[in-house]
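What follows are several structures.
Heads up, the next two complexes both have chain A, just with different partners, chain B and then chain C.
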Partner chain A sequence: MNKVIKYVVIDILRSKIVLAYTFILFIISFSVFSLEDNTAKGLLSLLNLVLFIVPLVSIIFSTIYVYNSSEFIELLLSQPLRRKQIWLSLFYGLSASLSLAFLIGAGVPLLIYEPTVTGLIMAIVGSLLSVIFVAIALLAAVSSRDKAKGIGVSILLWLYFALIFDGLILFLLFQFSDYPLEKPMMVISGFNPIDLSRIVILLRLDVSALMGYTGAVFKDFFGTNVGFVTALSVLVLWVIVPLKLSLAKFKRKDL
Partner chain B sequence: MCLRIILISFFLILFFHQGSNATQINVGKQFSIHSIQKAIHQSSNGDTIIVNSGIYFEHNLIVDKSIKMIGINYPVLDGEHKYEVVSIKSSFVTFSGFKIQHSGYGTLIDPAGIKIYDAHKVTISDNIIDDTFFGIYTQNGKNCVIKNNQLRSYGKQEQEIGNGIHCWKCDSMQIIGNTVSGHRDGIYFEFVTNSIIWRNISTDNIRYGLHFMFSNKDSYITNLFRNNGAGVAVMFTTGVKMFNNTFEENWGDAAFGLLLKEISDSYIINNKFRKNTVGIYMEGASRCEMQKNIFESNGWAIKIQASCMDVTVTKNNFFGNTFDVGTNGTLVLNSFNSNYWDKYEGYDINEDNIGDVPYRPISMFSVIIEQNPPAMILFRSIMVSLLDKTEKIIPTLTPENLKDETPLMKSLSL
Partner chain C sequence: MIIAKNISKHFGKLVALDSINITCNAGECIALIGPNGSEKTTFIKSILGLVVPDSGDILFNNKTISKNWMYRSQIGYMPQIGRYPDNMTIGQLIKMMKDIRRENKNNIDEELLYSFQLDKMLDKRMRTLSGGTRQKVSALFAFLFNAEVLILDEPTAGLDPLAAEILREKIIKEKQKGKLVLITSHVLSELDDIVTQIIYIQDGKLIFHKDIEVLRTETGEQKLSKAIANVMAKTLINE
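This part shows the complex of A and B:
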């Protein structure tokens, strides 16, 4: 299995896309911090990067990679290897290279300019998001044989998590504005890994505003250690569940 | 000649009379008088009573003569949780250097550590007041000085504790250099006029750091208000001057750095608002000038309700606030000009340090939050940033007139 992971990682590195991604992240993060006069504003710009570009690159790159290596997968299947091993190796290889790319590209500047808990949390959350969207990409790729359809599905999924979900929440909030929605909102935010990551970081950046009545409800939960651990475990669930689903599909898939 | 002798003898008599009158009475274990109350009975106007260190249980000590009372090494006056510790019922009293503790408790008679009844020119200075219901309470006082006292109490709930320095129906008071914490309101003014509050530190009080009602023409200068339950409230007052104060870390739903309600003709200059949920909350304020203040890392720097008019906000610095300005309507009768806003994204072609496009300090999302507070959970999401950007180009929800026409490109050095 380690050998397969090694092949996957070497293959990814050879295509140079991930290297370019690392480089671009690195340049953006450094320029964001050196352009703004206070690091708080740099952090905010970087937050948009983490919530917008990282999921997009992870999901699209992984989907395309899985489709492109279908022949490699078929070759591996002819070897005495279990399907589970092959699929997990793909996942490990992809998530290792993408989260490493994020940690080097954005995590290092982050920890240089903002060596605080906030910076650390942002680095952790960013790499978790990379892994989550690799898992979601695997699920999208395994669900269809057609490459165009698979990539389309993954783009739609990204759009849903990054934009449409928030639009729906805003709609719900205004439709049911007569009801106390603070607590349901916390549960609902768990259904979107991007939202959950954003809230975890928000509690660090905008704590003054969040101490208002409604914000205090979020702060009382996510701001505590228990809440933070819960949020992180929900994020980990977002890795495990799509991965398990895709694995189950891949095992039964007629190649 | 005859006249001269009469005059000289008159002055001599006056001199000896004065000399014999201003006696000094010592109270303490090593002296013949052990009780302070007894010393007061023996004294007459103009005397000085020196109280040496020790612990005194005087029940309710009543000062009803114009005397000087000075404590050496902080003698302790203990109210045994039953009595009002010191009642000052005469004018021209000086009371300093005591430690006063354990006053009684009661909402009907409001017992205090030191209470001044209907007196003028009373000086209360350099006392330590610990665990009292009210700290220093002045009713109907005039020209009194309350200076360099340290007040500490341990209230848990609003109903169970009184105010630190409480002034009711007073005039020309000077509250200087006191430290108040753990009371209901740190400093409380009701019907107090022409007074000054200077260099006080009011922290960790349950309700307000400073509470002002119906108190016209007062100034408060260079005070620090930190981490009070609801910040500072100035209500139903005209002609207040607030200079050089610091308002910090007042966090909570109903917590404001400074709450202005029904205020007119007032000046807020050179103050610093840091890390409050709301820096300044204004309701029904009119003709107020806000200049050269620093708003830093607040949830909302200013919340200005539509009921305010002729409030001018000029030459302030706004740094790192989550929202710069919030309001509840579209009517704007106030002006925001020549401020520095760190969120300003405009340009300055002629390089005169004034941005060429107006800045709109109200973001669309702050309007949404005002209508629907739980929407805070969506803050800084990509959707919301997009909405804010479109709103900046074509304002629909935010008030059209609320804008800074001459935003500064560089922050003011304040």
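This part shows the complex of A and C:
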């Protein structure tokens, strides 16, 4: 297994994009914490940046990487290797490089300025988000032979998770404002890994008091240990399900 | 050694392979012949597991190849268009292939590396190589692990006459070791003294699979190209 991962990681590092991404995250994190004298404020600003940039970079980079490695994949497929092994090596290589980039670029400043459980949770959630969007990118890339279409689908998926989903939820909330929606909202938030990550971290900050009754219901559940573990498990499911689907498609793919 | 049982493959509405039955034995050198677009490459790719047939089964040494991958350690494959990672050098690529097929490491055949003089350009990146040099690299990989079965898709296309001759001699040499060689080619004249059997495929259907001597007596032609032309003309008339 690891002999293919090695070549994937070497290849990713050679393109230097991941190094640049680490560097940019590093600069952003340090400047955000230096600008605010209150680390809680800094954490909040960083949270919003992380929830935007990390999924975007992970999904676009991974999609393009998979398409660009089509030669490499073809070469490997005619060798005595399992298809599963080739595909998982791509996944492990990409998620290791991108989550390591996040841990060095944003995790290190986080733990320097906010050496608390909250800081640690944010570092974990950020790396989980990187891995989730690598898995989604693999699914987008295996679904279409056409590179432009595949990358387009990836961008739309990111737009959906980062912006459109929230818009839909607001719409629902306004339409059904006469009904108690707090509990269904908790379930619905599980359908978007970005939202779920945001909730998990926001509830650890004081600003959650501003979220009104919904915030109180959320805190009641996600604030507890059981709720936190549930949220993390849902995030892990967001890795496993797209990965399994893409693997099943890759196994049947003609090259 | 390789038995294809009733394999069919559709690409959308196009019928690429239409219930093909073929048996290939060790020690034979088989030419796959057919007009352009007759799905020869699809057939080869389904043996390699690159294309997954809709129905039917392929047996390699009496074991089905579906959900199996180790059998590929006994195959050396030279694709029609070799595609390689652009950023790697020839040397790195050779090292990687040896690493991936570690189980064959005691059985390396680097003859072509020297006869094609690829050893003098190990530092060249794949991106900078000409089409012919890429072909040479593909040929090197097909023969590198001394595989029992050689599958060569248009091996001499794009090679200069000298390299084509080196490759031809290499194929004959390997055939004499009792290996199974499958070749597709459009240049029939160069197959004349290599092949022992002919498989003729048209529109995804197997038209015939015969010994070359049988074909020669049937058509009364000594040259392969003429014998095939004779057969092709006959099938046209029958249609």
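Criterion: the second predicted complex is superposed on the first by the 247 of 255 C-alpha atoms of A that agree within 3 Å, B and C clash if a C-alpha of one lies under 4 Å from a C-alpha of the other, contacts with A are read in each partner's own complex, and residues count from 1 in each chain.
Just so it is clear, a contact is a pair of C-beta atoms (placed from the backbone, for glycine too) under 8 Å apart; a residue touches a chain by one contact, two chains touch by 3 or more.
Note that the structure is predicted; figures quoted are calculated from it, not measured.
Partners chain B and chain C, brought together by superposition on chain A, fit side by side with no clash. Using the contact criterion defined above for the overlaid structures, shared-chain residue A:67 touches neither chain B nor chain C, since it reaches no partner.
Applying the stated contact rule after C-alpha superposition, one finds that A:26 touches neither chain B nor chain C. In the overlay built on the shared chain, the residue A:80 is in contact with chain C alone; chain B does not reach it. Of the two partner chains placed around the shared chain by superposition, chain C is the only one that A:11 touches, whereas chain B remains out of contact. Judged by the touch definition given at the top, the superposed model places A:160 against neither chain B nor chain C. Angle at chain A between chain B and chain C, computed from CA centres in the superposed arrangement: 170 degrees, to the nearest 10. If you count the residues of chain A touched by chain B and by chain C, you find the higher number for B.
Residue contacts after overlaying the shared chain place A:228 against neither chain B nor chain C. Superposing the two structures on chain A brings chain B to within 38 Å of chain C, judged by their nearest Cα atoms. Residue ranges of chain A in contact with chain B, taken from their complex: 38, 40-41, 44, 47-48, 51-52, 162-163, 166-167, 169-170, 173-174, 177, 181-182, 185-186, 189, 194-195, 198-199, 202, 205-206, 208-216, 218. Considering their complex, residues 11, 45, 48-52, 69-73, 75, 77, 79, 83-87, 96-97, 99-103 of chain C touch chain A. In the complex of the two chains, the chain A residues touching chain C come out as 3-4, 7, 11, 14, 69-72, 74-83, 252-255.
For chain B in complex with chain A, the residues that touch the partner chain are 251-255, 275-277, 297-300, 319-323, 342, 368, 371-386.
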